[in-house]
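Paired with subunit B in one complex and with subunit C in the other, subunit A is shared by the two complexes that follow.
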Partner chain A sequence: MKRIQFLLALTVTLILAGFAQAKDIELLNVSYDPTREFYAEFNAAFARHWKTTHGDTVQIKQSHGGSGRQARSVIDGLAADIVTLALAGDIDAIHDNAKLIPKDWQKRLPLNSSPYTSTIVFLVRKGNPLKIKDWDDLVKPGVSIITPNPKTSGGARWNYLAAWEFARRKYGSDGAAKEFVQKVYRNVPVLDSGARGSTTTFVQRAIGDVFLSWENEAFLAVKEFGAGSFEIVVPSLSILAEPPVTVVDKVVKKKGTEAIARAYLEYLYSEEGQDLAGKHFYRPTSPAAAAKYGPQFVKVELFTIEQAFGGWARAQVEHFADGATFDQIYLKQ
Partner chain B sequence: MSARSERSVIPGFNLSLGFTLTYLGLIVVIPLSAAFLKTAGMSWSAFVDAVASPRVLASYRLSFGASFLAALVNCVFGLVVAWVLVRYSFPGRKIVDALVDLPFALPTAVAGIALAAIYSKNGWVGQWVEPYGIKLAFSQIGVFIALTFIGLPFVVRTLQPVIEELEPELEEASYTLGASRWQTIRRVILPDLFPPLLTGFAMAFARALGEYGSVVFISGNMPMRTEITPLLIITKLEQYDYRGATAIAVVMLVVSFILLLFINLLQRWSRRHHRI
Partner chain C sequence: MASAIPQSLTSRRTAAPPARRATQDPAWVRWVLTGIALVFLGFFLVLPLAAVFAEALRRGVGAYFAAFVDADAWSAIKLTLLVAAIAVPCNLVFGVAAAWCVAKFKFPGKSLLITLIDLPFAVSPVISGLLYVLVFGLQGWLGPWLQEHDLKVIFAVPGIVLATVFVTFPFVARELIPLMQSQGTDEEHAALTLGANGWQTFWRVTLPNIKWGLFYGIILCNARAMGEFGAVSVVSGHIRGETNTMPLHVEILHNEFNSVAAFAVASLLALLALVTLVLKSMIEWRHARSLQGGT
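Our next item is the complex of A and B:
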């Protein structure tokens, strides 16, 4: 009898001891396609940082996909503590459709909640056989362009708007820009739903001559497959892509992870976070990291979506909603 | 004793009917009616806008057209395959027989990637036809190829047991009575095979209509040209247009149901008219 009592007491003590130990915290970061490698390394760095400053073990899970699809998963109930998507419009949708975050979410962190920026460049095959130099070269007959579907991919929306703004500046009107973009898309043989799918199409299935790509994704392709296979071409004008981040308020309040989720995002702005962003070919925003990684990026004239299109909400309605310009360029063919 | 013999051999009719209805309700009817409920909140004009815009109409044409053609082609070649597998014995028959089931088992995305790899410009097959200006992958032909691939086992597997039941003696009798080969096929063999062919067609067709995974990899997904309806539904969902998506789904559901019902009726009719 005594023995059983002792064993019982022991078990209870062990269980209680288990509870008293440092907490194991789990966070889910729902992100878009080309951030895979960056966040894999950043998560490990943040976990180390949190362990040394707070003693708790934090495990960060990642989910990747087309930016729009990822936002929809969160709207449909995927319990993301953090979203780090390709464009503000997709995070706005989380507010509009599910009210999981406040309307002014973008004001909560510095720099429009975009700790790192990127842009759109061209990836071409070795030696650039078609001599692609700028956006004009894309509309030549016989050039095959790979880009994802702007309706589902965040990166593709940046591509589309960059092409549009280039033509508007060069030819002087929205009408001419639309015609130009239509010619560009006439040269697109496949529309994948996300940026990673398009990378696979271009890199692994060897389809297309030019790939309109996130700058970091282009660098990654060159790094992975060697400079012997691909070259990066930087056009004369491109768009400043600001992929924003935010905490999903309703989820972190329920899970009790608000403090750590905020700390996670703030850590993106720290020197270590900025350094990793630069290492993975995002353009860092901190002066130190920008100076360190600046030389790897070609200087290019960048415009912002606010300047050229009056922000995402307007660009979405004018270009990507049902019946807007993207639908029109296909209907008129 | 006599009261008992009137019953079915297997007891529990009420119980099993109850199970059937509950099961169908939970698995089929309730999820589908949710789609109808969701669209019920739309105004009529919004519904028409969603389901009859040019892009959606183009996708219906492709989805129904390619599914129909694929099922038709599968009927022809599926019949040949099933006939060969039942009537002839040759080395490797068991392996061929097992191969037929592969499209059932293969994850459709894998099938799509494999088909796209083979039929694209750089693929084993694609590189030989592309110089002649024929695009297989990333065209409507690609959609048709994928749908043919996934539909084949349905036709073969519905025909096989029926062909096994056919008695070769009947064909021999037909010969000895002076019928030509064509007459034997038309008057003796086909009447028995017509009902299962229709079933196989209906299943292959229905499966092709709903297919998504393999098609998106090989179609190229170009608006107005190679977008299938299931892809449009997903695209609408990704634009947070839940109602638009369910509206298209409802149209597909209704049209598919009518078509399947029609095929079933046709099958019943053919059974009555062709049986001796």
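Our next item is the complex of A and C:
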């Protein structure tokens, strides 16, 4: 019996110890897949900045996964002070389903709340054996394409819309675009739930001939595995991906972390934040960092989602909601 | 006459080539079957296990241990141990109680109880995780109430413990029920007629009888509690340094192209599995001996 009492006491102590640790200022940044390396470095930079300007120690915790899935977790109660997701549609969902943020969240920070941008490029194996140059080449028979699932991954939705817009411009109609995108997905052997899962599928499991990837993720893969193994192919047209950020109002009000959470996001726009974004292959928006890191990116014609699809709210309903075009083309196969 | 027959038999046996016994297969069959089994084991068990350790030690012992010094890895190890330290005793108490009820008593709804015990085996772990999200999530039944009272269940340690308890629920009970059923209730009846009360009967008669089966169940339960991925992944929220258990941490490291650290943490889990197997065989051996001693 003594032993049981001891174990009980031990358990209770451990649990209490777990609670007692959470005393410093702690922020949780719920983000999407390919931002891991960037935020790991940015968090350290912000913590230093906050320490020197305010004297407080701040610890920023990170959580990463497919953008849609992360939004779902926040809706279900994951207490994120900050969300930095792959697209505005996923943050809209946090407003629509849980009312944790106001409807006009995207107007609260400059540049549509997107401190850095990116785009979609192709990653192919060394020497580009299948001579993939542009979106057309993806629908050729025998080309195996890796892209994550648009239902759960933000990057995958940018991929999908970029392919759609390319085909619409080239073949002239939405009907033709749908047919084209269907052919693209016919060549996809695995749909991972997030961008990083697809990267490992393509890079480490060596499945597929071409990987439709975030530009920063493609650069990272080339950097990690050496320029000898992979090549980046930039198509003739791609989409300007604007991964937005916001404070989760209800959570920060409750935790009393509103001021520091806002400062964290504003720091993304600072020169140091912009410089780190460029270093991790995001396209910085500040003129200085854009000039410094501009040369590493290939010039490509970019269209915005507002121009081509009338914004995320509409694109979401037309293409990714239940029964919308993605379901139509994918379930029919 | 009677002795002549065996004599002729033995003489014939020495003369003719040794005949094959009915219970023995020809040598080539035995070798092929053993070979297949060994090759299979080698490919699907030994090779992956060796690969885990080889990958983990690829950059030397220093890099191997560096993986555990990392704050996130350390917190994942602590969380895993904490979760197991709560889940296993819970299921120990529950498992013994349930097995006791099922094996020693007759009551209406008994088959329903047995079905419920088996439920976590039948349900996919991901589904069991989602159940907790549906109940405790912000949009779930209890979510708003929990939020008001500042209680965190999912995306925090309690949710991970709950999911683990659910998934490891049947191990102890399943191990004990057949054992206790086969033992019957005679010894308990004897104890009671000799004047022992219920508690004494349990501590002095029932528990010693099921000792080895119980240890076995605890070991299996513990192994699963530490290794569970699916259900925990759904309720964890993947907050680094806070709600990542070891299996989730392995996935994160792998996804960050940090394969040495990923395999180092994986090797720790593999070591746990090996220790479990050794303990399991030891207990089986002791159990077999105690059975022989008993008869």
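Simple rule for what comes next: the second predicted complex is superposed on the first by the 307 of 333 C-alpha atoms of A that agree within 3 Å, B and C clash if a C-alpha of one lies under 4 Å from a C-alpha of the other, contacts with A are read in each partner's own complex, and residues count from 1 in each chain.
The rule we apply is simple: a contact is a pair of C-beta atoms (placed from the backbone, for glycine too) under 8 Å apart; a residue touches a chain by one contact, two chains touch by 3 or more.
This is a predicted model, so every value here is computed, not measured.
Contacts of A:L111 after superposition: neither subunit B nor subunit C is touched. Of the two partner chains, subunit B and subunit C are each touched by A:N97. Legend: residue contacts after superposition of the two complexes on their common chain; A:D192 is shown touching subunit B, with no touch to subunit C.
Contacts of A:A44 after superposition: neither subunit B nor subunit C is touched. Residue contacts after overlaying the shared chain place A:L331 against subunit B, while subunit C stays out of touching range. Applying the stated contact rule after C-alpha superposition, one finds that A:A288 touches neither subunit B nor subunit C. In the superposition on chain A, A:V298 makes contact with neither subunit B nor subunit C.
In the superposition on chain A, no contact is made by A:A176 with either subunit B or subunit C. Once chain A of one complex is fitted onto chain A of the other, the partner contacts of A:G77 are limited to subunit C, with no touch recorded for subunit B.
Common to the subunit B and subunit C interfaces on subunit A are residues 75, 97.
Contact residues on subunit A toward subunit B in their complex (touch as defined above): 66, 68-69, 71-72, 75, 93, 96-97, 149, 151-152, 188-193, 205-207, 320-323, 327, 330-331, 333.
Every residue of subunit A that touches subunit C in the complex is listed here, in rising order: 7, 10-11, 14-15, 18, 28, 30, 33, 36-37, 61-65, 73, 75-79, 97-98, 196-197, 200, 204, 224-225, 254. Against subunit A, in their complex, subunit C makes its touches with residues 82, 85-86, 89, 133, 136-140, 143, 147, 150, 152, 154-155, 157, 237-242, 252, 254-257.
Here subunit B touches subunit A in the complex through residues 53-55, 116-117, 120-122, 138, 216, 220-224, 234-235, 237-241, 244, going by the rule given at the top.
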